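Should a chain be cited, it is by its letter among A, B, C, D and E, assigned in written order, with residues numbered from 1 in that chain.
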Amino acid sequence: MAPLLEIATLRAGYGAINILWNVSLTIAEGQTTVIVGPNGAGKTTLLRAIMGLVPVASGDIRLNGASIRNRATWDTVKDGLVMIPEGRMIFPDMTVEDNLMMGAFPPACRRNWKANRQMVFDLFPRLAQRHDQIAGTLSGGEAQMLAIGRGLMEQPRVCLIDEPSLGLAPVMVDEIFRIVEHLKAQGLTIVLVEQNTNRALKVADHVYLMQSGKVVLSERGDAVNLDRLHALYFAHEEAA
Amino acid sequence: KDYLLGSQLPLSGNLARVGQGMSEGIAVAVDLANKQYAGKHTFKVTTIDDETSPAKGVAAVEKLIAQGVVALTGGYGSNIIGPASEAAQKAGMVYMTSGGVTPDLTGRGYKTFFRINNTEGYAKAMIGLLGDMQVKKVSVVYLNKEATSNLAKQVQADLTAKGVTVGMHEFDGATSDFKPLLNKVKLQDRPDAIAMVGYENDYVGVLRAAKVLKPDVKAVVGVWSLATAQMAKEFPDLMENVYGTSMLPYPVEFTQPEAIEFSKTYARLFNKEPDYLGQFGYVQTKLLIEAVLRADEAGTLDKGGLADELRKTDAQTLIGRVTFDEKGDNPNFSHRMGQHQQGKVVLVWPPEAANGKMNFPARPW
Amino acid sequence: MKRFLVPAALAVAYVAVPLAFGGNPYVMGLIVAALTIGGIAVAWALLGNLGGMVSFGHAAFFGVGSYTSAVLSMKLGVPPLAGLLLGGLGAAIASIATMPALRLKGPYFALAILAYAHIFQILATEMTGVTGGAGGLLSIPRFPTLLGVDLGSKTGGYVIILTIVVLSAAAYAAIRRSAWGLALKAMHDTEIATRVIGVPSTHLKAAMLALSAFITGVVGAFNAHFINFLEPDYAFSGAWTVLPIAAAIFGGYRTVWGPVIGALTIYLLDQLVFKELMPHGHQFVLGMLLVGMILLSPGGLAPILGRRLEGGQRHAHA
Amino acid sequence: MLSLTLQALFSGVLAGGYYAMVAVGLALVFGTMRIINLAHGELVLLAAYVAYAAESQYGLNPVMAIPFALVIVGASAALVYALLSRIDQDREINSLILTFGLGIILTNAVLMIWAADIHSTTAPWFQESVVVADTLFAMRSEVVFFVGGLVLMAGVHGWLNHSWQGRAVRALSSNRNAAKLMGVNPRRTEILSFLVAALLATFAGIAIYTGKTIFPSLGHVMTVKAFIITVLAGMGSIPGVLIGAVMIGCIESLTVTYVSASLQELAGMILFLVVLFVMPSGLFGGRKAIAR
Amino acid sequence: MLTLDGVQVSFGGVSALKGVSMTVSAGETVGLVGPNGAGKTTLFNVISGIVRPTAGDITFRGHSVLKAPEWKRARLGIGRSFQIARPLHHCTVRENLIVAQRFGAGRVDHERIDEILDLLKLGHKADRDAVSELALTEHKALEVGKALATNPHLLLLDEVLAGLETNGKRAFMEQLALVRDRFNLAMVVIEHDIPTISALCPRVVVLNFGEIIAEGNPGAVFRDPNVVRSYTGEAAA
């Protein structure tokens, strides 16, 4: 299958600190790619770099073969490339409802905002209950749900999801993975960053392992051996 | 011979407008003096902006003295003149002004301090006019600043002594809506006349509120920058029939050669009608220049003789007779009152200075 | 290098400046005025940088300090030098009245203090018996001659205000280095995080407010005896708030000396240079200067100077 | 007695209208960008002076001057924004100084161009008396611009809360990066809010020119008052601004009527403090997140 | 040591805690679990003084602390971490701990600070310029470190293990157990990871909609059908 999203020898970081060192990966259309790796490996940074929130020092990012390295975040979003960040990236002083409506901001999504909102409320009844609450006062897990729901309002074609299960109760974690599977079934291209390797591998078509800003393993999902993966984590521990 | 005069005035800040007016009068006096003494003497004036700040007024005076001026003319606002003239006194430098009328200034008894106008003179004019109108009840609307409240209280005292009922209404400089205040005047005081003591923007505010509320009065009287050509032009439909202090009628009449000369020069230099501040700035500077020349002839200019020479002044000027008492005040000072009549300012008080009939009773609305 | 910088600067300030400019009352007067602003700027920056509270009403403390000292010396014959401390004390006491505002944050706090400044000004205008009302106080006693030095002169005033500023900056620096300073610095972003580790943040902030008010009050008292004149509009003028803020930020409000350097730079440039060049619109140039500074060096002047001196290593927040 | 009180309240409401018109632009920029534009009063004043220039030079009715004022004020606001957007560190405090400096520049530019004289409209139409129910008096300009101002403010409020762009403006101030992830172009959105503020400033400027007197140092005075009202309202709330402004206007006019006109500022300030002490984030300051 | 008695909290219309009563004894480690929005963090906020309960009482070491402000409670020995790390910015790691010692414990004991840094493996970062560059694990460790530096008797940990990789989680858990034993602490731990909680806490309290719905040893509690339905879900059962 032709790669939909292609990251080539990417270097990026924050100001003087470089985090990603020549990271290359390809993401095939319609597949679910899982990126795992220890804390601080640069997974979030990679997603942010793809979205244009972190400046790229060298290398390239291509979507459908065209470079998006110099595209502004807001234009990338219009192409259907969407990132669902962790729960802290909500709009804290707007209501839950306004947060969700902001998800529908890209012009193509505005038409369907009502239906999409209903879908989100069905997925997360807690958000429907709290639709008028100021988002900054939500509990950690509620905020996480809001971030996911808001991302779904953007009607993504390619969806980068950063640790969706963070801080969620076990029941909700189940729910989240059910949603991911549902999205996958709809044919979405998904890039999933997860700490919960166990669960993530079950939905993975392809797996990357990142460590200290580099890709150290790239394998088909069904070929991955969990024990070997964890052993590689340990290798990092010892090296550090 | 070249003479350098110093002038410290607010050219920016709250008092920028009035400072500008006075500096224009000073410039006219210098211009006329240069013409009068052409070939013999030249005069120059250095003006420093005190930015409406007492500390900068002091600094300005010190700087002017350091630059070797022979005397100081200017200053506006009693609060700035106080410290500034104190600095001048310390250096033995003559400070001549018309910008501060409070008794405190002359109360200090400085040898070097002179001014040609004072609160009493303004009060005399207001009371004289109101007395001639034979009003029984007056509401005084005044700004809570020093010069204004001093004058208002003097007017109150004098009117009360004459058996007139006086209502006092103090307001703050931040007031921009005068309707509640005037409504009180209208419904509670029900005066025959309203006397205003404030500055231009206050007057416009009061008159506009009055125009809206239409209290049943016979006259509206004010002081300072009110009966001026400037106000007649800027606010034609607000000023009609309003009385205010004014030394010259507008347009100036041919019976007054010096006045004609003054207003011509003014028009030439600044392309507008002289306003009342210009008149004072002109008069004080003219007197100062004459005294400087006298002192220099007597050879006492650089020996502190200027103050003595000024004290000998006895002159008929645009603002009437000027002499100085030992405190530097001008006891003769009494203002005249004018009235806005169809875009002109007609002198209506005192009777001997009047050049027209006053409209009375007459309201601005 | 850095070790000798402060003593050298002090030597220059105490000896060289009076020698060089003592004969020119105009320049000396401007330097004193600049230091007056600088003193308030230090007090303001102390509150802003350590307490995390931006005040838009330091004129309140300046005015209370100046009236306290002026009235005490005129009515009760308190000597002006003692009046300085009493002025500071008066302002510190006045700051207690403002302490309910400590519950407020950011602009809410800033404007609450501004409201106090307005209120104090109106009270000073209305309390005619004590303050002389709108007419103000003329001929406030000047500083005495001590040990043959005429403290009432321009140079004497210079020495006094310089000492006030130096002591204030030293106090500021000392607090900043202490655990108090760390806690205060940490408090701006996450007050709650400091409270749950035992920091009584409100008390600390109250102490900083009182100290800042005290310094400002002393400076106000100094100014009253130096200018020998007071009136409400002047003593509580917004200029006593605005200029120090501009000076502090211009100089670098996160540093100890930045506010003083900023005050000297802005005031002296404005009065000595811009006013010469453009007698009528010199504030226009001042505005340009402020705008330019923020765009070119957002950290203020002091960091630039610091970088020059040390080869550019230190953190802006240090 | 009754008619005195009624007139005081009526005047207070109208005066509050002026305060609100000036304040709402300031509140908008704060609410959307967390920036206190200390040059806002000067922008209002600039609009007033444009109206003055148009009237005195070309005899244009002040209302007709609105388009011209809008262009000039809009361009100035855009310039203010362009400079502001170059600040990247310590944005809150540095933007204060930047806009303060711009305010000084504008004030002095006005002073140099138009001198320090006071001005106001000469058109008598605006100054006529409007009498309601035989007891309530107002100047026509006050009434006209009060009503116009209400409509404008309601429009801006609706825009901010119910339009896509308005919501984007709020989102941007709430979390900049998250807003970008939603497809919001920050610059375009922020400049839009500045232009809306310029529209409000223009309207306020014309209202002031026709109803009050203008002079160069007025800009600063207006900024301070507007700032106080914005804070009283709870930064960023437009209905709050209107209510806060009317409260201030009424307490002032009641103080004038029943105590003294020299204490009206005092009354306003005390009201301000009392409200803040009871509601530390202003009348409509909104709910704040607690620690987690 | 800590007793909550009928604690109620409501925010506007939402009642976040509806009469919660529980006790924690000296040296005990209690797990606090429950669905998202159950009120766990709110309970911590109540204990540490950030939120005032609308009803109920809190006693700590024999005295009611209901009216004590946060900083007083910290000095009495209640230490806590935040779900979202809140380091003292513009300070180094060591300075963070110094402030906590100075104000929370009354005096600065450098030995204890070094020991805490050591236990939490923060030693090598202690004097670096600013805390903002710390990695997630280190932020979590610092949260714990700050609380420890106040010399607490009771430590409240709000999801300090969330977001950590599996190995990191295990290592950090071991550090916590060490710390607990070394300083003889009572702990209340909020955590969504059932194996972790089960390993660390002999007793677990389950909160749902602001009420305690189950309490006891982890094995029993996590089999409780109420808990399974509302919290653990079928997958984990």
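The rule we apply is simple: contacts are C-beta pairs under 8 Å (C-beta built on N, C-alpha and C of every residue); 3 or more make two chains touch, one makes a residue touch a chain.
Note that the coordinates shown come from a computational prediction; the quantities given were computed from them, not determined experimentally.
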item	value
Between C-D and B-C, the pair joined by more C-beta contacts	C-D
Furthest chain, CA centroid comparison against chain D	E
Farthest-lying chain, centroid of Cα atoms versus that of chain C	A
Interchain centroid distance [CA atoms averaged], chain C/chain D, Å	31
Cα-centroid distance, chain A relative to chain B, in whole angstrom	76
Gap in Å, rounded to a whole number, between the CA centres of chain D and chain A	43
Of all residues in chain E, the ones touching two or more other chains	41, 50, 82-84, 86
Numbers and ranges of chain C residues touching at least 2 other chains	122, 125, 192-193, 280-281, 283
Sequence positions of chain B contacting 2 or more other chains	12, 144, 172
Residues of chain D that touch chain A when the two form their complex	164, 167-168, 170-171, 174-175, 177-186, 286-290, 292
Chain B - residues contacting chain C, complex	11-12, 47-49, 51, 53-56, 58-59, 62-63, 66, 78-79, 82-83, 86, 102, 104, 108, 144-146, 149-150, 172
Chain C residues within the chain E interface of the complex	179, 182-183, 185-186, 189-190, 192-201, 315, 317
Touch list for chain E against partner chain A, complex	11, 14, 33-38, 40-41, 83-84, 133, 135-137, 159, 162-168, 171, 192, 194, 230-236
Footprint of chain C on chain D - complex, ascending	30, 36, 83, 86-90, 92-94, 96-98, 100-105, 107-109, 111-112, 220, 224, 227-228, 231, 235, 262-263, 265-266, 269-270, 272-273, 276-277, 280-282, 291
